[in-house]
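Next up: the structures, one after another.
Paired with chain B in one complex and with chain C in the other, chain A is shared by the two complexes that follow.
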Partner chain A sequence: MNIIMQIRRIVLISVLALGAVSLLLILLGISPLTIGITLAKGSIFSWLKFNHVLSVWIPLLLCSCGLLFTFRAGLWNIGVEGQVICGAIGATLVLRLDNTGLPPAALLSLALFSSFLAGGLWGALAGLLKTKGGVNEIFGGLGLNFVAQGAVLWLILGPWKRAGMASMSGTDLFPRELWMWIPPGWRVAPAAMVLVIIIFLLTSLILNASQFGLKIKAAGFNPQASRLFGIRPGLVGFTAMSIGGGLAGLAGGVQVSCVYHRLIPSISSGYGYLALLVVMLAGYKVTPVPIICLLFACLAAGSIQLPITLQIDSSLSGVIQGALVLSGLLVYGLQQGKSRGH
Partner chain B sequence: MIELADISKNFGKVQALHKVSLKVQSGSIHGIIGENGAGKSTLMKILTGFISKSGGDFFFHSESIDLHSPKDAREIGIGMLYQEPLDFPQLSVLDNFMAGGTDFSPVKQRTILSKLCNSFGFNLDPENKVEELTIGERQQLELMRLIRDGAKILILDEPTSGISVKQQELLFDALRSLKDDGAAILLVSHKLEEIKLLCDEVTVLRHGKIAGYQKRPFAHDKMLQAMFDTLPASQPPAVKHIAGEPLLDFRKVSSKTGRSGLHSVSTTIRSGEVVGLAGVDGSGQSVLLRTAFGLLQPESGSISRFQELETCAFIPADRLAEGLIPGLTIREHHILSKKTGPIITSKSGLEKTRDAIKTYSIRGTPKTEVENLSGGNLQRLLLSLISADIQLILMENPTRGLDVQSAAWTWKHLHARLKAEGAIIFASPDLEEIMEQSTRILVFYNGSITLDTPTKATNYQQLSRAVTGERG
Partner chain C sequence: MEVSIPSLVAAILVMAAPLVLAALGETLTEKAGVVNLSLDGTILLGAMSGFVIASESQSVLLGFIAAACTGASVGAVLAIIGVRLGQSQVAVGFALTFLCRDLAYFLGNPYARQQGPQLETLQIPILSKIPFLGEAFFSHSAIVYVSLLAIPGCYYFLYHTRQGLILRSVGENPDGCWARGINPLRVQILYTVIGGGLVGLAGAAFSLAVKPGWGHPQGCEGIGWIALALVIFGGWNPIRVAAGAYFFGMLQLLGIYFQDYFTTIPPQIFQVAPFPLMIFALILINLGHKSRNQKLTGWIKLFSGRPPNWLGKTYKQT
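== the complex of A and B ==
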């Protein structure tokens, strides 16, 4: 794949998606240009708004990195939402501990580690269901999403309910010293930014330049033949699911410790599903993922402005994201068909 | 009823059929026999309208007809019973019976089904799911469906492989009664015994040409001669090493995998041996190789390895689908097999890959994705991936799809790298290859070893008899 073809692909996808969305808007009597300006104003035209974009970008990129592992192994990890929730529960569990005697920084690190572990276990469970129980990972993941959603509600309304009265708005806020440090004027924790960049670089290194990454790819492309190379495709798939779940769990941990400072029912914010779209649009490749995450984060953050300024529902951002992914899949499909000579 | 006159078929430069003529009368069973690659499948595909002939004429009731599609073939009453049943395993027997028909009344079709069952002595429950049936029962169902659709010309492809003796008797009785009712039946088989039992006349194909034709009573030896040709007595390879220590020991190994599975197979492979597994495709050779490598677990019996599994390599027949990983490059395959360090740099494995490309004359670069390589190059790549310390090489059809030069190269290479403490086990449907390359031969028939002999102690006649199911 040469660079010219890549650029052509990006241009094609953008033109197709923007064209489709613009057409839809024009039919509805809304100027696409106004929408564009509003979205931009709501996302990148001010430092505060851009901070909001980043706060979406971090968990989205974490989930996407996890998905890169599972897609590379040929698995459809649809259970990212559940894994994010489990990660959030894992982090909350640590941050609610009393009298640990540990300094806040240690406790926060422990919370993130715990979120990685909890998400990883949830992913591993889907992997186990697949390799040992023969349950397709799509159904396993979907089922586990519902279980996790049920668990978080039960915790919020039951054992971890607010002092006085249980509320759907979540658990009690953690003590101030257990909030991840955010500089004045910022809305994202620098620590989370550093973490996500390191995770992305590691993902890139493992998947593109390591023996283990090559094994994941081999097992994903041809499980049968990979066994002749001494690879155990079941084990590789299970490991990929665990890593994918762990990274999604970390996203949940970041949501709890850096954004909400408590556990809320909608802690996953749909990032699990959105990340699926990101990775598909990236053509399952590592490099474009952070940029697409940023674009999607801009759309998500910018769309908050739509109801305020234009009285249009913010779900329009979802329409644009969907149009992008569909165009992406279409262009990939067409180009692949062409290269196979159909 | 039908007549083929000088039918030819070319695939590019390859001539699969050359002026094949034969007649099938109504009320008779005509056998077609020949080795793998003799042109039997091509002939059947032409008769069923899947591919068109390149030359010659097809007559139906003395009228020249062109079959352009399977539909054309069906309309004049040609029905084919495939080796692998073409049915819907998740559906019931009755649903399968109704599929493809024109009348979908369950009550009526159930009556027709049970009448047909009674007349042939088949015992099928209309409510049973097809996936619960044996291959033989699925075949019975398929046969009744063809009859229901009014098939007057029946083509059967290796109908007895994978079915029980009882089912075989039922099938033969059914075919005889169909014949008595005036059907024209074309039976394609490897098995001389069943041809002798059932057919009125037989045509032998070899290399796409007619090599023989006989009417009942059949002259057995002439038939074998036509099938396998009388080759100049080929020299088995000079025994490079004397068979030494046992490497691999099979004790009463049984398996249900594959068409015929394995039935209590016992044998010992010793160092220095080149063991050829002969037999019709699917007689148990592949199951043995895969069990030996550890890809399949036996249902019963034991396999003792006298060496570690790491010193064993397996090259499957379908190189691209089972042996290599499409999407990965030649270099990536070498990295996977050579166990370089945990981090892959731009130099990892590059030199070794370049060496391999040169030594094994693979037409590609380290960056070539394997799906872009041709058959011979794929085989050479697979060979290049076997590291030098491998003792036991297991190969399925080592020269399948290779041209003469590539095949010769492959064998030269394999013999050259065989060490005194190593061994090669290979399966091939080609007796010539087995005779020329192996020092010991195991002949498989229906999942059992029917002959185990040093190559120099056997001959073509004995082997071809064993392949077609005769003991001794």
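== the complex of A and C ==
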């Protein structure tokens, strides 16, 4: 598809979604311009606020990369939310170890690796339910999400409870030396930034320019035909689920080691589900994903200002995100209909 | 706490009423071959619109009508993009789930934690005086009776009327229907809208009867996913689907009772526990169905079902 058509599509989607949301706001007697300015002020007008945007962008992009693998394999990995939680649990497990004698840097790396492993295992479990048990991955994943949420509550209120009293605000903070290094005046760890950029480049490389990427695509696009080329679609799907889960788990690990420095009940912050919307809006393509992640992160970070300055519920950002995805699907549908010659 | 069997049965019927409505709505939609994944968001949006309209007009009935219309409109959006334009129904439904949820929180914000009207208990004359049965079945709010009547109603419609036959055949073989002069797309769109209406009604059943009021969170989050799972594992049969809904109501109720008995375990665990328990009960049934164990099959047949042949696929007119 040529560039002009792509641009036309992007403009069409934005005009449709923003037009619909603006209309709604005008009907409610709220000026869309004020909302726009507030959102921008809360996200990109200051270094500190932009840091907040980046701290959303990092886990969102990690989850999206994981989902690119599973979508490419033709699987709906709704379990991504639980995989983020499991990754967070995996990282906390390592960071709570006493007397390991390891230097903090090694322990932090080990924690991130453990989060990848834990998320990957959770993803693999959903993959196993699908390939061996014939359980639809949407419901297997959903069930595992509920289990992960239950597990994190149990850990925080039970075995890992705060010294003295269990509290919904989370576990005790880790010792200072186990906080990922953040430069003064920053809010995001440079290490996490580097990590996420490397992961994105690797994802892009694997999916678009490797034999394994081609296998995933073949197994997702036409499992029956892929068998003729010696590809085992079940195995490929299982691997994609494991990698996708691992990357989502890494997002959880980053949240624990770089942002909260403890385990909290809402550790996933819904980034897993949001990432599903990101990848859908990207039309399941790799290149637009980081840009859409940035846009969604700006909306999420900017919306924190809404209740404070305008007494408007912050879920407005979710409305804008949802409207964008829905008009994206509408525009894809209309253009496909046209190209089929209706 | 005093626990008697009739009051327990009554509580389960109330708890499960919205779930029954939502799951039956989805059963109709899926039988016609369309997956409406947006249930969790639609229920919230229905709950919000029902509560807001009922508060503004001081009429519970108007609230229920508004909620049904809201759910039907969400169904219509899915029908346009997912059926008419042939986009992935799962994708559209998923996007709608989150759009509706956030829209509900955003629009309902001024009404959060406010007093509002709610459905009154409607004692059925004479019948409610029967010992045991009266308390269990005949002294509820109107929406509970609606949910009870909807189960045989839905079954009768699907399996004993001509319209029901058309609905099912569109879900099985749209090409065949087209050849017989039925427009499959029109049927699919119709039942996506009607099913959506029932789901919207389920939302109002929460905000105007079962868990009165509106807030962020409302308390009905997650139910939509359970309803979706029920339809699949209930084998697309209205009666089995409803049985699953009552089972889930029982799990929720047990959670509330156990909370008082096991004070050492944090109550949050009991609030979350029914969800994984339900999904895994369903998965076990599904796995058991696949095994070749002869002893099991007889029992498991109760829960088995075959999906409509055309479920989730896009029908293209040729």
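Quick note on the criterion: the second predicted complex is superposed on the first by the 342 of 342 C-alpha atoms of A that agree within 3 Å, B and C clash if a C-alpha of one lies under 4 Å from a C-alpha of the other, contacts with A are read in each partner's own complex, and residues count from 1 in each chain.
The rule is simple: contacts are C-beta pairs under 8 Å (C-beta built on N, C-alpha and C of every residue); 3 or more make two chains touch, one makes a residue touch a chain.
Worth saying up front: this structure is predicted, and the values here are computed from it rather than measured.
Q: Output check: A:Gln321 vs chain B and chain C. Expected answer is one of first, second, both, neither. What do you get?
A: A:Gln321 sits against chain C, while chain B stays out of touch.
Q: Once the shared chain is lined up, is A:Ala166 touching chain B (first), chain C (second), both, or neither of them?
A: So A:Ala166 only meets chain C here.
Q: Determine, under the contact definition given at the top, whether A:Leu310 touches first (chain B), second (chain C), both, or neither.
A: neither
Q: With both complexes overlaid on chain A, does A:Leu128 touch chain B (first), chain C (second), both or neither?
A: neither
Q: With both structures placed on chain A, which of the two partners, chain B or chain C, ends up touching more residues of chain A?
A: C
Q: Identify the partner contact of A:Arg227: answer first if only chain B is touched, second if only chain C is, both if each is, neither if none is.
A: The first partner, chain B, only.
Q: According to the stated criteria, A:Phe212 is in contact with first (chain B), second (chain C), both, or neither; which is it?
A: Touch partner of A:Phe212: chain B, not chain C.
Q: Applying the document's contact rule, which stretches of chain C touch chain A when the two form their complex?
A: Per the touch definition, chain C meets chain A at residues 37, 77, 80-81, 85-88, 90-92, 94-96, 98-103, 105-107, 109, 216, 222, 225, 228-229, 232, 266, 268-269, 272-273, 275-276, 279-280, 282-283, 286-287, 290.
Q: In the complex formed with chain B, which residues of chain A make contact?
A: Interface residues on chain A, with respect to chain B: 205, 209-215, 217-218, 221-222, 224-231.
Q: If you look only at chain B, which of its residues touch chain A in the complex?
A: Against chain A, chain B makes touches at 295, 310, 313-314, 316, 321-328, 332-333, 335-337, 339-345.
Q: For the complex, which residues does chain A have touching chain C?
A: Chain A reaches chain C through residues 28, 76, 78, 129, 133-136, 138-140, 142-143, 146-147, 149-150, 153-154, 157-158, 166, 168, 273, 276-277, 280, 312-313, 315-319, 321-323, 325-326, 329-330, 332-334, 336-337.
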